[in-house]
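Take this structure, written in structure tokens, and hold onto it; I'll ask about it next.
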Amino acid sequence: MTIGNIRLPIMTSLIIWAILWEIVGRSGASFVIPPLSGIFARIVEIVPTPSFGEALWITGKAFVIGNVIAVLFGIPLGVLMGRSHIADRIFLPWVNLFLSAPLSALVPIIMVIFGAGQTTIIFTVVLFAIWIIVLDARAGVRSITPSLVEMALSFGATPWQAFSRIYVWAALPEILSGIRLGLIRAVKGVVIGQMLVSIIGFGRLFELYSSRFLMEHFWALLFVLFAFAFAINEALTWLERRFEYFASSRN
Amino acid sequence: MSPAAARKIEARHRPMVEVRHLSKIYAGGVEALNAISVDFPEGQLTSLLGPSGCGKTTLLKIIAGLIPATSGEVMVDGRPVTGPGPERAFVFQDFALMPWANVLRNVAFGLELKGVAQSEREAVAEKHIASVGLGGFEHAFPHELSGGMRQRVGLARALAVNAKVLLMDEPFSAVDEQTRRKFQEDLLELIAREHKTFLFVTHSIEEAVYVSDRIVILSKRPSQVSAIVEPEIGRGRDPDQIRRDSAYLDTVETIWQSLKRYLD
Amino acid sequence: MTLIAETKAYAHRGSAWGDILRHPATLWLISAVIVAGAWEIAGRWPISPAFPPFSDTMSALAGLIADGTLGKALIITLKPLAIGLIASVVMGVGLGVLMGLNRFAEWLGSPIFVIAQSAPLAALIPILTFAYGIGLTAKILTVCIMAMPVIVLNSLNAVRHTPATLLDMGHSFLATRRQIIFKIILPAASPVIFAGLRLGCAAGFIGVILAELLITPTGIGDIITYNQSVAEYEKMYAAIFAIMALSVLLISLLEMIETALFHPEKRAQS
């Protein structure tokens, strides 16, 4: 977008939307849309509170543990599928299935098995994150030139060495992009899990604010969450770009 | 007298495309063309030859009216170029075929855009599909064709609009060597049959010498005309004989010597 | 490496049995049987009182189908889903294409959808409930907010990434702006736009289930919540199985349509 000779950066239009929001909020058209200035004041107010800190801590813990599990299981499975036709034929339909299936329907199952607690949230995170990690690791391994593997085997590499020294590194760009997409899905997973469980972390705060009609608080929490999600996405995109040289020089 | 020589005499005096002091500086500051002036005679095939990145595509696209020049002007058939026109047709290096349309529709596309009725444009398209040797493939889709066949579709599409000037940007670079030689023969036949002006970009000196009436050699970027060669090789003979002909080989050697200094 | 050795031996075997074994459908069947078997064993063991075996779940599913509960529930669930998806597709493709064609529209609109795509939009559901009550509207809007971003962004990117040489080709044949849009840009973009619809459909399913679990239990969400509360887990599992199966079937159907329409080269291979 250019006005005259000045190029407006892409995100600048958010200012217009913010002004619009403020006007709608002040006009009192709907109680669910409080003025934006009020929401930002609330952000400043609630972020330092202990209940927010605790929610953040619990959520962050579930998010990190869930993702670590997803990565630890997802990458080896993806590499296996990339290497072995049989494993690929057996697992691929399931991976594709879970990739597009409405995973929110599985959360109640996790909940009745593991109870309404942190374990359920962690499992939800794993469930949301793992499939895309598997699929991208598989794609990465498939894009490795066979000569690279043959080189390692000709030097007498063991299977573990081939996995840890060749496959993971050669497939790194795809693996990283899988992890990025997995993390984005995990953010959605952790929120969906907490909303369904609704007694821990941000889910509890959401429940609290909405039962008391505290709209400004609710929006403040939403904005903080959205900002987190956006920041995670941007940071990982940046990281991924740093590894792009790698993908282009590989073949 | 060979047909080629006859063509040369009849057309010698009339430039179909005139390029006058043309400069092009891209937005990033890359100076692709520097006050270049060159004529392209009517009814002849003129090749543009030059080091990679010297601005051949840029020149061709400006003549086509696809990108504006920074300064200078281009006249086609006596009229200044301000944009694409019906008297010019482009043959693209990567074919630019629409993957969702079959050969017939691709070839007829120029006429379709003009609003020619379907039955009429398909009749014209079929004629040109046959003339480039693709008869029977009217209803095939681009992905079902080989690279050489795809370029024939691109050529037929350019012929179908019956433009006076054909602009060809490395049309044979994406096809294999055997197909390429066949194409060169077909191109010579086409020139002999149709009274059109051809502007032909190529990287191959041999190809340029073999098919051209005139060869314009460009210098390194920012481009200027470094030499103009008119290969005097008698055509209408056996292709293998021509390729062994000393005039042919000498011309190739001369051009190689003049281009060699641009390598570094 | 044993894996490589295995793969090679497997690829070199040429017997009729080998061919049958190698067929994708066979392996898919085998893996389905393995999963169902593992489910059955885990349920009988049992790993958890809340984990019924596969067979019990299937007979509960048959029961739900036979007494018409499932059918009625699916119709209720599919209503907000269908309305929401149709609205998302019409508006999403329209907005995406508009933003792809017009720089100002892109500047104004795309940041919202870029943020929405990475944001956990499920958290908006309570707000939708406040604004529109617990009825159909809130559920339809839940489907819309989940499905729209990916549809919009796919359409935008598809239009933006029309091959430059096709555009050049159109210009060189003197196409008008209208012709460029309708004869080149939109046909070139349609495969990616359609892929966006498929992804949007998957997201819409997530949305409608969340709406039924979070706003008010209706349809499938009602069967899940009710049977969860009375601890009739096989029925709860059966309902979840049914909705997942339905979504997977629908999405595979869309995938097949996609291949048939836009990827004749893939179709020719298989």
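Going by the order they are written in, the chains are A, B and C; count residues from 1 in each one.
In this section, a residue touches a chain if its C-beta (ideal position, glycine included) is under 8 Å from a C-beta of that chain, and two chains touch if they have at least 3 such contacts.
Remember, predicted model here, so these are calculated numbers, not experimental data.
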Of all the other chains, whose mean CA position lies farthest from subunit A? B
Which chain has the mean of its C-alpha atoms lying nearest to the mean of all protein C-alpha atoms shown? C
Centroid spacing, where centroids are CA-atom means, of subunit A and subunit B in whole angstrom: 52
For subunit A and subunit C, let me know how many angstrom lie between their CA-based centres, rounded off. 18
So the centre of each chain is just the mean of its C-alpha atoms; given that, what is the distance between subunit B and subunit C in Å? 48
So in the complex, which bits of subunit B are touching subunit C? 61, 64-66, 83-86, 88-90, 92, 94, 96, 98, 100-101, 109-110, 112-114, 141, 143-144, 161
Subunit C residues touching subunit A in their complex are 1-4, 6-7, 10-11, 24, 27-28, 30-31, 34-35, 47-48, 50-51, 103-104, 106-112, 115, 118-127, 130-131, 198-199, 202, 205-206, 208-210, 213-214, 220, 224-225, 228, 233, 236-237, 240, 243-244, 247-248, 251
Can you list the subunit A residues touching subunit C in their complex? 1-2, 8, 10-14, 16-17, 30-32, 80, 83-86, 89-91, 93-94, 97, 100-109, 111-113, 153, 159, 162, 184, 187-188, 190-192, 195-196, 202, 206, 210, 213, 215, 218-219, 221-222, 225-226, 229-230, 232-233
Touch list for subunit C against partner subunit B, complex: 163, 165-166, 168-176, 179, 183-184, 187-188, 190, 262, 264-265, 268
